[in-house]
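Here the chain labels run A, B and C in written order, and each chain numbers its own residues starting at 1.
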Amino acid sequence: MERPRHQGMAKNTYMRWRLPLVCLLWEVAMIVLFGVFVHFGAEADAHWEEEKREMNLTSDIENDFYFRYPSFQDVHVMIFVGFGFLMTFLKRYGFGAVGFNFLLAAFGIQWALLMQGWFHSFKNGKILIGVENLINADFCVGSVCIAFGAILGKTSPIQLLVMTLFQVTLFSVNEYILLNLLHVKDAGGSMTIHTFGAYFGLTVTRILYRPNLEQSKDKQGSVYHSDLFAMIGTLYLWMYWPSFNSAISDHGDAQHRSAINTYCSLAACVLTTMAFSSMLQKKGKLDMVHIQNATLAGGVAVGTSAEMMLTPYGSLIVGSISGIVSTVGYVYFTPFLESRLHIQDTCGIHNLHAMPGLIGGIVGAITAAAATEDVYGKEGFIKAFDFTGAYQTRTPSIQGGFQAAGIVVSLLMAFAGGAIVGGILKLPIWGDAAAENCFEDDVYWEVPEDEESDAYHMHNPDKPASP
Amino acid sequence: MERPRHQGMAKNTYMRWRLPLVCLLWEVAMIVLFGVFVHFGAEADAHWEEEKREMNLTSDIENDFYFRYPSFQDVHVMIFVGFGFLMTFLKRYGFGAVGFNFLLAAFGIQWALLMQGWFHSFKNGKILIGVENLINADFCVGSVCIAFGAILGKTSPIQLLVMTLFQVTLFSVNEYILLNLLHVKDAGGSMTIHTFGAYFGLTVTRILYRPNLEQSKDKQGSVYHSDLFAMIGTLYLWMYWPSFNSAISDHGDAQHRSAINTYCSLAACVLTTMAFSSMLQKKGKLDMVHIQNATLAGGVAVGTSAEMMLTPYGSLIVGSISGIVSTVGYVYFTPFLESRLHIQDTCGIHNLHAMPGLIGGIVGAITAAAATEDVYGKEGFIKAFDFTGAYQTRTPSIQGGFQAAGIVVSLLMAFAGGAIVGGILKLPIWGDAAAENCFEDDVYWEVPEDEESDAYHMHNPDKPASP
Amino acid sequence: MERPRHQGMAKNTYMRWRLPLVCLLWEVAMIVLFGVFVHFGAEADAHWEEEKREMNLTSDIENDFYFRYPSFQDVHVMIFVGFGFLMTFLKRYGFGAVGFNFLLAAFGIQWALLMQGWFHSFKNGKILIGVENLINADFCVGSVCIAFGAILGKTSPIQLLVMTLFQVTLFSVNEYILLNLLHVKDAGGSMTIHTFGAYFGLTVTRILYRPNLEQSKDKQGSVYHSDLFAMIGTLYLWMYWPSFNSAISDHGDAQHRSAINTYCSLAACVLTTMAFSSMLQKKGKLDMVHIQNATLAGGVAVGTSAEMMLTPYGSLIVGSISGIVSTVGYVYFTPFLESRLHIQDTCGIHNLHAMPGLIGGIVGAITAAAATEDVYGKEGFIKAFDFTGAYQTRTPSIQGGFQAAGIVVSLLMAFAGGAIVGGILKLPIWGDAAAENCFEDDVYWEVPEDEESDAYHMHNPDKPASP
């Protein structure tokens, strides 16, 4: 059936040498760099007694592994199953959604371990890694998965790998500026992961604008079961988001608090999303696109403030607002962005990550500015914002100002970086598909001919399906 | 294709104003009440040093968060993916199963935090919450998900929200009576969650009896892939049930023991379920309905006794029996309940939750009555049943009597509460569908027209799918 | 439609009395043996104070439950969802894949608790179990799930239960020889689980060789959505493999290190798999079979060495190589094995488990032989390899030799055991299907007639689907 198309695609989307070359060169580079730089941190190294004494850990259970590993595994599921399946809603792009997300994430976490390691875990010429580095690598790659959502179905695997390479690099620089230079708090990544990742992806898709995309309009929809596959992604993101926002918070009450705030925010978000999904549709029916995406905005919007004393009721307010903003975005902004600004945002990341990410940054700034010793306690206050050493002169309001500055820096990095990377991806050498072949797995994947065979089966049950 | 139906439905199932109104009013109420009552507990609050000294925790790792958070996440998955996907077996009600379960659970956990908080975590006018409260809120909502199984496909989202509101309230009252007044042990909720939730739901569906339901009989079946989606729910419930039964047990050996007992019971349950599924079918073939549901009865049936010294071999016995009872229930009782008692139980919760729940309550009573200092150890015995303060005079046999009383109270609360709530849901204002439109997502959801388009595709592969 | 087949099958595949008989007799045997032998270990028993003092645990948090339970749950998911869904790729064997995997695993873990208990946890005539026993039981059953992959679609449930009974027994003996007699380290089971399980299964399928299997060739393929279901299994295996390899390692740095090594190896494996999948295909398209399977080889290949000081960069090398070997295996070896050696390997376990398992054993031997006090630290070195008591004279090179011997023993056990069990399964009494009915759920399961009904629906939307 697709034969005529095949030949058309074979011309420009032939991956046979390009893709293996990129993957293998990359992996060799990783092996060399890991060999030179990466070592186990004290808590993962067998050569352990001295460090143990230094850190005076009284028991193995105080190894950071037991504080963070369960959260790490939840985050890991969010990156690979959460993002991967969330994007399987397209009727004929499920392989690309799950498979390319798998590829770019596995590619990105290795580079992220190095980039973030050089900035944050570099000691005597070595990068010392532990479970927290694994979490941060997953976080970093999360911002790439977000950007992937904007260009889903329109790019070749090589373009995705190239984007991953650059985005992970820029992410790490931006993260360093925010956390180390501006001394900003952003444990759940509203700014570093969501705002940066989303506006980066939106800039890229703007530059890769395809005027004739309506040629593949029939493939941009979902089918009944593809919407159910997408719900697997949605629910895992929703359920594990409390782990995401608490994964790298301080041990003890900070992790505990982050999980509770996120739990509350997400619960409220579901209700306002359902309300507006029904309200904004003429027939009053619920739209799966909103349920699959806008219900998650509550997790994004408390990313910065979850570990602070946002309080459960503050979380409900933030979650409620973000659900409304996100749903309204899907109904009104997305069509506007496409028609007016030529931003083709396949998964609507502007509604799920960009706007809620900004809300999250702002809420974080306000919560920090409003912090008082009375609420945090004398020790807790200093601990919560690391107002020690060079920063002991900082006041909450000053901290709030720096938090706000973090949003601006993230936006600038996203726009500038996205523009450059988008330009690179526009080069005609990466093997992306023609407009009429977008959103079609058949371009890069061996696809079983089930539709024909099934139909065949139905009407001639006795004959075998394949020729 | 469905157009004629559409118009028919539009009359009575129009949700556009009713659903948003309920959701938004509710969320505003939650925000106000949370603002007035809900605060972080000591272990989640930044203002932490004093409490820490009081509770003399020697290390952050002793924060309750690290004892319970992994179990909490497993329970969370059971509520949203477990129950949600278990109910996707219907061929055209997958959106409603996952989506409405998502809605009512997110709606219910907020109310449960308040209701259970007032009863169990109220201190100086404030509800102090921590991870254990999140687990209990999920548990409470679990009983609503169970009841949802009985009316799946026959109710409007508004009816589900109204039911959730009342059921969470009644659950909390019943739980208070059992745990605080009768001083009953029920960590895994055989009585409070399963017995109460199931009989409540069965009473509701009895009152909402639809004489003409066979008009939608063609939609009450499954399709091949919908049965696989349902298995996702089944397996997550089955795998995480040890976390469910151990989540709120005492730290240390009690949690450890609960997990082992549940693991054993569930393993045995699978074998007896498979055995009877094959035995009770003329052709000797296995029935997916049994595998999807009866295999879980073993978890329900040790809910009360898992944390006690039931012993692995006792667990195998309980699991084996519950698998048999549940499978027999699907084959013989469910048709009987529908034809004779007019109880239309979509998911067969009578077999999966009601009967195994009763078994669980009884086994718990017996295990408690049989407890001896010899088995539990002097300290362990008192600790296991909190035979302290006002209860130090209790003997095991007396405790067994109170456990049995707990079953009776749960049943009475379920029947009375279900009757009242059923009556309320019978009002003609909630927008439920006509009998011929039951088990059909198209009533409340925007459904992609994949069947037509696919069929179209199959026969005219070159033409686009949508008009 | 399938009626003619039905009658044909009914002759030889009638399970009605055989399957229930096996399941129920088995469960009764388990109950008796558990009653006689199985007790709670000290950390799960209520009678706890004395032991606690003995083991001088300073806090409940030091209960082994909190060190291992999160990893246990991840392993549990790998066995039931991971292996179960990985095998749902066949278009008409999803029920059998998930359902029979569920049955044999639930059957096997009970027997494994006893067998492994007698060998490793036997004290004063009692088997004392805790969370580590549950993990080991899951591991043992994992080797059966692997073997199941080779015979998927060609055997009756009874054959699977018989195989499980024998394989669990042989696994435990082999494990005892390796761990206790040879004093070999194999925490992630490259030898005991993967090498043994895979070669055992390959030997069994060789003996059950079906010359006319091409008669069901049309059913050996996948359909679009069955490939997505399989990706659920793949991703859960991939994400949770760090937990698998670290689950039973020593507390503290060993568990921490195992997780990091496995994470790195798996990431590298994905890239080389994608590279070779594209390179080895004429059109340069990616093949889902490779993505679903070969991406996991990296976890298998560091199973023995993950807890050692393999280092992240060593892990990248091992992962890269195993991904290449596995993908090449799918393209060249599998067809060769079938045509030349008459080994019909449905899931290609030779590529995913056998070869990577051997690599894992060899890498483990080398890593052990290369160990130095300098790298492990004086205490760490002795601790890592238990060079205490009778083994304090062992040098790394000697240990390496014993590790290598472990591979040979595992292979011999697999071939001998597989030959015997294969012979038993060849008996004509177990009710396996005829060649033309292989890979067809309809033989042992009640299958919804969705294809007809859907097709019917498409063309006559108003008429009900079922007669």
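The rule is simple: a contact is a pair of C-beta atoms (placed from the backbone, for glycine too) under 8 Å apart; a residue touches a chain by one contact, two chains touch by 3 or more.
The structure displayed is predicted, hence computed values, not measured ones.
Rounded to a multiple of 5, the C-alpha superposition of subunit B onto subunit C involves a rotation of 120 degrees.
Looking at which positions face the partner, subunit A and subunit B present mostly different ones, since fewer than half of the interface numbers are shared.
The distance from the centre of subunit A to the centre of subunit B, each centre being the mean of the chain's C-alpha atoms, comes to 32 Å. Residues of subunit B in contact with two or more other chains: 58-59, 61, 66, 70, 225, 232, 451, 454-455. Residues 10, 14-17, 19-20, 23-24, 26-27, 30-31, 34-35, 38-40, 43-50, 58-61, 63-66, 69-70, 73, 76-77, 80-81, 84-85, 88, 92, 94-95, 98-99, 102-103, 106-107, 109-110, 113, 129-131, 134, 157, 225, 229, 232, 444-448, 450-451, 453-455, 457-459, 461-462, 464-466 of subunit A are the ones that touch subunit C when the two sit in their complex. Residues of subunit C touching subunit A in their complex: 1-2, 58-59, 61-62, 66-67, 70-71, 74, 91, 217-218, 221-225, 227-228, 231-232, 235-236, 238-240, 242-243, 251-257, 259-260, 263-264, 266-272, 274-276, 278-279, 281-288, 291, 295, 308-309, 311-313, 316-317, 320, 375-381, 383-384, 451-452, 454-455.
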